[in-house]
Each structure stands twice: as structure tokens, then as C-alpha cells.
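First chain written, first letter: the chains are A, B, C and D, and each begins at residue 1.
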């Protein structure tokens, strides 16, 4: 019987980790924490999660939850993970962080530049692993501290991995134009997420200045084996869940669409959660909702100069909670897909 | 190993039965049919259903599917079920019909008046059962032909059952004001379901003339033990899934809100899929999406003369495919909730 | 040249008054105030309103705006109107209040019971007029203080006026089931208006307890000439603008649908902003958006016992700012429809 | 009194031309045609357009409408404009075509390659003008045949004009990533525009193969004075109206964001319908709905290598009917903005 703690369970990422784990077959006991709602039940905040039978989950103090847990999912805002990571590392607990705090490894300078904070425990970052299973599966299996990737980075990196590792793509001039559903901005209401102002419209934001830019570039550089500086533009789209990234790269040499498509299909053939669509199909978040899939479609520009990849995920699942559970499975040494093979609704 | 056939699997109800059964633990083999798409795979129509591993489901001829099946879900348009029901009855197969054809039992006159067609095999209707488990659980367990309820009727009937059976409600003057998501109109495009014309607006339709009116009245009459003639108004709402029915009835004698609420809570205490919300909460389809739950909230009018019940379901699950699988579980004698305890997403 | 002041112009109702007046042909000068955004321009909050040519409107202090104005639209929260009304009354200014403060005339008890506040200047309420032009046109033309109706009340009252004044409807047991777009909850973000929680779902709220209930009942009583106690239920619907009220009343004696329809059509024949739809059509907010129209469709229940009226408006126009301008036109003695005949978009 | 005919008035573009002209102050008489709905009134198809007073517009035969008109707006599908253009040219009538038929001037080869049809009257194309007023204002004023631009091209071309004509942008490697609302696919229902399949999701389509690609490239080449081959990707977004194009170009030499922004602001200073937003603001279709504005925001990529322009329009107004009326104004020699200065709703 595993003891699993979810910190920040009243936020969207935390609540989604809970939802996924509730259907996970691992023998387990869930404990949840929340600063704002300590003492309330999780279903008083999210009535959807009300169990017809059995007990409600009570939101507790984070320290108590950590102390009682073998596995800790930290779903707190950026900047709060290190202290708990330290406790977990010393206590032999598995620590999976859904914030940005453990996504930059030893590159403290970049983290500090974009997040305004230095590392308190640099040694923890040396031993942490960036939790993109398709890239780092072996390291994740041995890791005790896992930095779960951001939502935009997950869709972007999976969309570019075959092209970079197989050297089809010029590394200069890569463009990632991404649309995100409004759950991406979290549970707290704001003017940007106020229905009358975001419904029925597309709004770019933080153009040239989003914190996922350095995370993406760091990972793409690792994939390419040389420094990559991409251009990433996020937009808010009127949908609940989902990220659709349309990605452009110049081809190093001319390729047929068939060759480009085959390269992607072959590369991801054995990946359980990446579906390369048939030639002629178009990737959309419509087909991956509430699932851990990343759907990728492959295209050429009409002038044949560029490869165009569309990469879609559910930002809350493959872009957050589902990938975190995938990482847990790997780190526990159980089948990677356990509890994650939910079929996305067709409509 | 059960052989299960789904007829009309390319429609929304059929595809949702498939989706639910794909995660159902019963040892089984699925066969699917479609008139329009015979010879294609189901995931060529619904890419969401593409299996990463294993084979695609091929859409076959209905006759072959029926012949090969132990259990048949018929998801065809109204008027096509009887012939297959006959074959199933004679062949000892379980037949679950998601159209209106087996919802009226021996009341052929009402069926004929509203659906423009007489019964071909009246004896099949005598032995069929109306598949609302909360009302007919025992009969369903013994049934070979089950008429799965309509979506509006399911939400309405569950919302009124405690008030009618316990005689709080005047049976005269009951009003059911219902909102439905656009999946309720099926997969075929139409002007009414064209995004620019249905998004961002509420549209009543078939006011005083919807075919679910006689189905609702027939069931309410059974619950009340005397003839009930309700007033039911459907509206199309700009959402994918869900039905929210706001139901009004005059109280036979004054009741406190606490007493009314307790009556509902007690009545449904042991029902696995009906959640009576805490006093002060409001039922919404938001909290039941992609699940088999019916969420009910209980209210009084400000002048205390009327009970107001809000009853919400996912029209494709408890209002169609989920309830059909619940009926299958009952008829097979396995635990009623098997494969149906999916937790609805909180957002 | 009229000086027109809009108080609370940074809120939704205020900004919509500005938008409508910008296209109004009256020779005028607009001044705007805001507590929260004093010193900023209105288009810094609402970029849609940016004038390509000419100057931005600067948000000023309310006292200065009132002092400089001949006509004052007060778009402040409930409870703030009286002081300004007093100044306007003494200064010979026209005062149009979009809050609830002047909707209850001499019925201070009801106002106090529902809004938790007594009148400071009861004499102002004696001279104020409830600004529903279809009911009070003559009085509005002579008024100096006008209480602009609420959004739900406008749709409800126009939907019931012919039935009550012509005595078709039983006054007991009237039910008003209303859907509102999210702009109805104003500009301030909240959990209820947070996109991921209100999109794609219908949520009833304040059932049996909404402040528009007494306003509706007061007006219906005036129309019927005897006390009416209706049952009103508001719901939040996933749309920006619009109210759709489905209204049920028992017929005093049997009527054909043709007779009921004719009665409505004749009654509203000369009203410039009420469109009674052809028999067989269904009223929807889709067709009145951004316009001052109220679209009414007339139906009978299938059991012929009840009249069913669907009444749709744009909550921000006929339900707020448009009706306020209509009242201004009347009070100024100019053609009532001036600046208000915008054609609603067809899609 | 001008006689104005709108052919194909039952389609979205045609109905929107009617709506705009109904509020246009020109003394005029409107005649409308429709193949599918001849003999019906326009408001029987679009109830929003029902006039409270005055007569409905009757849909007539196109030939009769053309014969009776001084000005003809042709809103028919691609491939049907030439015959009518010929009649208009010979009859001294002004002809404004909203299809693609007159967008390619003398470049018959490109038109034939993408639209599968040769010119019947090449001489008409020699005299026709591409109706983008910001580019061709003088020529439009003298034109008798005007090819109104496509929706995607309008947003793209206005977004790139200053950068190309002032030579900031490398002409190689321009990327245009566009989102369109569902009205862009017209009035006819289809699987792609079926609410349950397009709501709540982003779907790219015709990647590398959309017919607006050659139109865009032709116009960009004219602006740049040398051949431009851009990469254009359309997506369907869950919104009614609007196009948001995010445009990427490499800077020929480094520029500060201030310099780039000033260049755009100065360039468009005197354009009545192009609003270059203040530095730091983001263009969104939210702020241009139902208006003839094009809102442009100016950005730099984080690596400073690329200019990023976001260009938003209402696809039915500046992207179709509004621009057509703007062209009519120019061709008639009346003030260009007549009837087009509607203020977009702020929410």
C-alpha cells in the first residue's frame, strides 16, 4: 500500500492528479493538501469529484501530508518546491514537481533569469531529471526528483524531437505557434479568463516573453545536440482544455511529405502515448481530450521549403497530471501506461 | 468471452457505447456495424478512438454482427429495432435498444401516434423492459429485450421519482424545462447544429411537440400510480454534452426545504449513480460530464408553493450509452457499476 | 449641445451606454467617471472602444461629471444612486439609474428587505418612474428620475404583459425559467464567470432567492391589477450576451394557439422594439444580439393547459443600456427609437 | 436613389452586405437574389434581420436583380462572377465581387491552377482592381469591377504591408499562422462546422494547400516589389467571427521594438480602419467584432531575430462585406468611411 501525497490539490493540476490516481490500480492511499482550503473536503471545491460511496478527501496541511507519504506530487506555484524536495530526498520519498522549479537541472542561471530566484539546494537539481519520458525514460526510472515538463514545452518538444534528432530540420528559425485552452491559466479567476472577455476570441499574450521559451529551447538543444533558439508564441483560445502547437522548421534538404511522415511514424512507433496520424489527417486537441495522448500530424508548406508539424495534447493530462503519473509509473518500475490508457471521447 | 455487437456504431450513441466498453473489464470481443461506413474503420470516422496498439475496429454489415453476437446494442434511428429484436429473442441473445422503439411496452397506440408506425411484433414489446435501473432494476435483471430511456426522460424521471412515489408533488401542473447540449442532435450536420447558428445562444425547439413528452408522461404515471400529464420544453444550449432539467411541481402541503431535501437524499442513498447534492448546492452538467452520474439539487420557490428540482446528466452517458451498459451489467448479473465508475473531470 | 455624464463607465453597463451613445445622433458631449480607473482612458480598459480619430474618453471623478452634465446615467452598484439623484433633481438634470435603487417606487419595504438598505430620500422615489417604456411610456416622458429595469425583469415582464393585461393567464402559478449570458454578472472576474468553470455548462443559481423576483412580481402585479407571486429561476448559460426566458402560465380558459398568438401580435403591433415572431418560430437570443429588440414566440403545451412564451433580449441592450437610452429619448421628447435601430447580426 | 443588388444574399457574405447597407445613409433601394430561396423573404432565413416596420426583402431571381441595379454585389460561390461582370461592365454598372474570381487580375494561370477554371472574359480581369483600399485606393476609385479580397488575405496583407514596403522584412521565410471563426466556412452545414466537432477545439486544415495562399503571395509580391512565397496555415477556431493572424518575418537588420512599432504606427496613421495598438498591447478579434477595423499589434521574438505581427479582423466585415462597402464608397466617390464607423462591442 503506497502512501501518496498531492500538495496543492485544490489547484487545477493537483485536482487532476487526484482524479487520475482515483482510477489508478496501484494499491494506495491518497492524502491531499491545500493552503487556501485546509480543513475543507476536495469535493466541496470540485463537486464533480464527490464520491458516491466512500469518504471525501480532506485537505490537510502540506507538512503532514509530506511526512506521511512515500510519493509526493507537488502542484504548488513556481518557487515553492525545493524545501519539500529536500525533505523527500532525505526521506527516500519519490518527489514529482509540476512547477518549473526542477525543469532546468544545473542551469541555475536560466532559471534565475526567468523566474527571479536562485537555487537553495543546487545539489538537488544535479540529481533531478526532466520528466519527458519519450526523451529521458531511462533516467526517470532511476530518479528520485522529477521536474515535470510544462504544457507548451511538452507539445513543442514532442513535435520537434524526430526532426531534430534525425537532423531534418534547420535549428535556426524554428517557430512554434501555440494555442492553449483556458484551464492553462489555472483556477484563479482573472480578467483574461473572465468568460465575456476570452470566449469567442483568440488572444496572443506574452509574445516574445513567455517563461516556457527557455524551457523549450533547453530541451530542443539537448535533442539537437547544439544550441537552439526558437520563436515561441502562446495564444489563449476559447476552449477548456488542450494545446495545439503548429510548428515550422526549414528542411535541411528537400523531402517528400511521404518521407517526412514516415520518419515521424517510425520514430514514434513504439511510444505508447504519441500517435502520428495518417498522412492527410490533421492533429487537433479534439481527439486527445482527457487522455494522455499526443497527436502529431505532418505536413509540408506549399513551397516545400518547410516542414509543418501540428502537435496536440490535453494540457492537463499529457501536459501536466497524466505525464506526472507516467513519470511515477516509470520511477516505481511498474508498466508505464498503468492507469493512463483512458480512451479520449470522440465528441 | 462475450461477443458484443454494436449496430450503428458510427453514430454518436453507438460510438459512445464502444468507448465505454473498450474500458469495461468484461472479457469480450467487440463487433461493430454501420450502414454508411461499412468497410471503413471506426477510427477513420472518430480519430479520437484510434488505438495506439492493437487493431482498429472494422465497420461491418449489421446482419453479420448480429449473427456473431451474444449481446446486441442497437443504436439505429427510431423504427429499425424490431427485426433485430426478433432475431435476438429467438437466438437467446440479449438485446438493448437505444432508440425509442422499445420504450412504450404494450402501449402501441402512443408509440404509433408519436412515431408514425405500428408494432410488427407486439409480443416482443410485452416482454421488453423500460431500462431505467432506478425504477425497474429487478425486471431488467431478467429481461432479454431492454428499451433504453431517452436522454431528456432520464433526467426528468430521476428528478421527479422521489416526489411522485412519496406523494409530495401535485401531479397536475408539473413543468420540466430542459437544456440539452448539441451532441443530443446526433452526428449529422444540420442548420440547427451549425456552429455559427447555435453557439452563444439558447434556442427552444419543438415546444409542446417533442417525442419525449409521451415517454416522460408514461414513466411519471407509473411512478405516481395515476395519469400524469406534464409540460416539457426542450432547448438547445451551446455546449457539447449534458442535459440540465429544471423541474417545477406544486407541493401537496407545505414542506421545509430541509424536509424536501432529506426526502430526496434518503430516497437515493443507495443508488450508485444518483448524487443528491448538499443543501445549498446547485446541480449542473459541469460536474457529471463523461460520467454515469445524475446530479440532483433540491430547492423551494421563494413563495414556498413549489418544489424545484434541478437534475443534470451527461446525455451521452447516463442519457444513452452509460445507462445501456448499466442495463447490460444488470442483465448479465454482474455488478451494476462495472466499467461505469469513471470520475467526471472537475473542469 | 447636451452634456451627458455616465457614472461607472468602466463597468459593463456603463461602457455599453457609452458605446450606444457614440453612435447616437444627438448633439452631445460625453463625460465618463470611474472610481477604480479614474485618470485612465476608457479605451485603455476596453480597447474595442479606441477611436481611430478624435480623442479618447478620460475617466474622471463622478462629482465633476455630475456637475457638468445635463443628463446623468448612473451605472454604479446597487445602493449608490440616491445621493446623485438628489443633486440631479435639485439641479434640473435628467437622472437615469441602471441599478435597482429606483425600481421599487414607494415600496420601500420590499427594497429594504431584498437590498438591505432603507431609502435616504423617500420623496425621490415617489417622483421616480419604472423605466419600462412599453408599460410606462407616458410617465417616462415626464420623468426626471427613471429607474431602469433589470435584465431578467425586462424579458419576463414583456413576455407576460399581454397575457396579464388581457386576462388570459391565471395569475397563480406563473413560472419564469431564465437563461442569462455571462456578461450579466458584470466585469469583475469570479469563480462563477471563470471560463473553465462556466463554459460548456448550464448552472442554476440563487434558485428561489434572486433579487429580481420582487421586481418582477411588483411589475406583474401592476400589469394584472392584482397581486402576482411568480416563480423565477435564473441560470448561467455559456454565452456572452442574452437572456432567454421561457414562461409558463395556466390559461384561464382554453385558447387555440392561433388566438393566443394573435393576441400577442396585436398587442405589440405598434411597439418599435418588440417583435412577436410568426407562428411556428422560436425566440432565441441569437436574433437580438447587440440590438434593442425583444423577440417573443408564442406556444401551447401539448396538453393545451398552458401558454408558453419565450422572450429573448440582449441583456446589455434592451436589458440595460439600450433601454436606458430609449428612456432618455422619451424623457427628452425626441423620437423614441433614435440611435437604437441597429440591425442585429444574423450570425 | 441608387438601386443596389446583392446576389447570393442568402449566404453569409451576402446577408452581411445587406445588414451593413440597411444602416448605410446612402439613398438607396435594395434588391436581393438567391438561387436556393427564391420567392422567400430574407428574414425567413435570418430572423435577426426582420424589420419591425417596413417591408421584408424578397429574394428574387439574379437576372432581374442585376437588370434593375446600378450597383451589384456578387456574393456567389467561386466561378460564377464573370457573366454578371460582363453585363455590368456593358451596362455601366458598378460590380463588386466577393468571390475569388476577380482577385488575380491578368494572372489567369494562377487562378486556373488553384480554382480549376479559365477566364471566359480576360479583358474584364485587365480592367478589374483588387479591392484592398489601403493598397489600391486610387485605382478602386476609378474601377468598375472590383475583386474584394479574401478574409485571410486581408488580415495577412495588412499585417505585412509596412514591413514589406519599408523593407524591414526578409521576403523569404515569412510565416502566417491564422485562426478563423466558423462563419468563415459559410452557411452550409458540414461535419467540420458541426458544433460537437468544432467547439472547444482548434483544427488546422488544408495545411500547405489553401487557395488563399496564392492570393496572399500575389499581393505580398506587389507590396515588396519582388516575388514573395510565404507559408500560410489556416486553422478553424471555436468562435463565430474573426480572424487572428500571427505573422513572423526575419528582420533584415536588428531593430528595437520601439522602432518597429513606430514604423507601423506612422505607416497606418491616416488609415481610417487600421488601428496599430499601443506598444505592449495584443491584437485580438475580440476588439474588432462587427466592425470594419483591423487591429495590429507589433512584437519581437525573444531572440530579437524576428518581427511578430498580430493582425485581427472580423472576417465578415473587414474580411468581406464591410470591405466591399468600403470599396463601393470609394468607387462612388463618397466618404470612404460612410456607414462603416460602427463601434465594436467591448464584450
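As a convention for this text, a contact is a pair of C-beta atoms (placed from the backbone, for glycine too) under 8 Å apart; a residue touches a chain by one contact, two chains touch by 3 or more.
From a predicted model like this one, the values you see are computed outputs, not experimental measurements.
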Equivalent interface positions on chain A and chain B, same or different at half: same
Chain pair showing more contacts of the two, B-D and B-C: B-C
Listed pair (A-C, A-D or A-B) duplicating the C-D contact set, over half by residue number: A-B
Computed distance of Cα centres, chain C from chain B, in Å: 39
Where chain A and chain B are represented by their mean Cα positions, the distance between them in whole Å: 36
Separation of chain B from chain D, taking each centre as the mean of its C-alpha atoms, in whole Å: 46
Junction residues of chain A, two or more chains touched: 12, 181, 183, 187, 196, 198-200, 238-241, 286, 289, 347
Residues of chain B defined as touching chain D within the complex: 12, 181-183, 187, 189-191, 193-196, 198-200, 238-240
Footprint of chain B on chain A - complex, ascending: 12, 15-16, 19, 22-23, 46-50, 52-53, 183, 187, 199-200, 240-241, 272-273, 275, 277, 281, 286-291, 293, 295, 316, 341-347
Complex interface listing, chain A residues touching chain D: 173, 175, 177, 179, 181, 196-205, 207-209, 213, 229, 231-233, 235, 237-242, 244, 246, 248, 250, 282-286, 289, 297, 299-303, 305-306, 308, 310, 312, 347
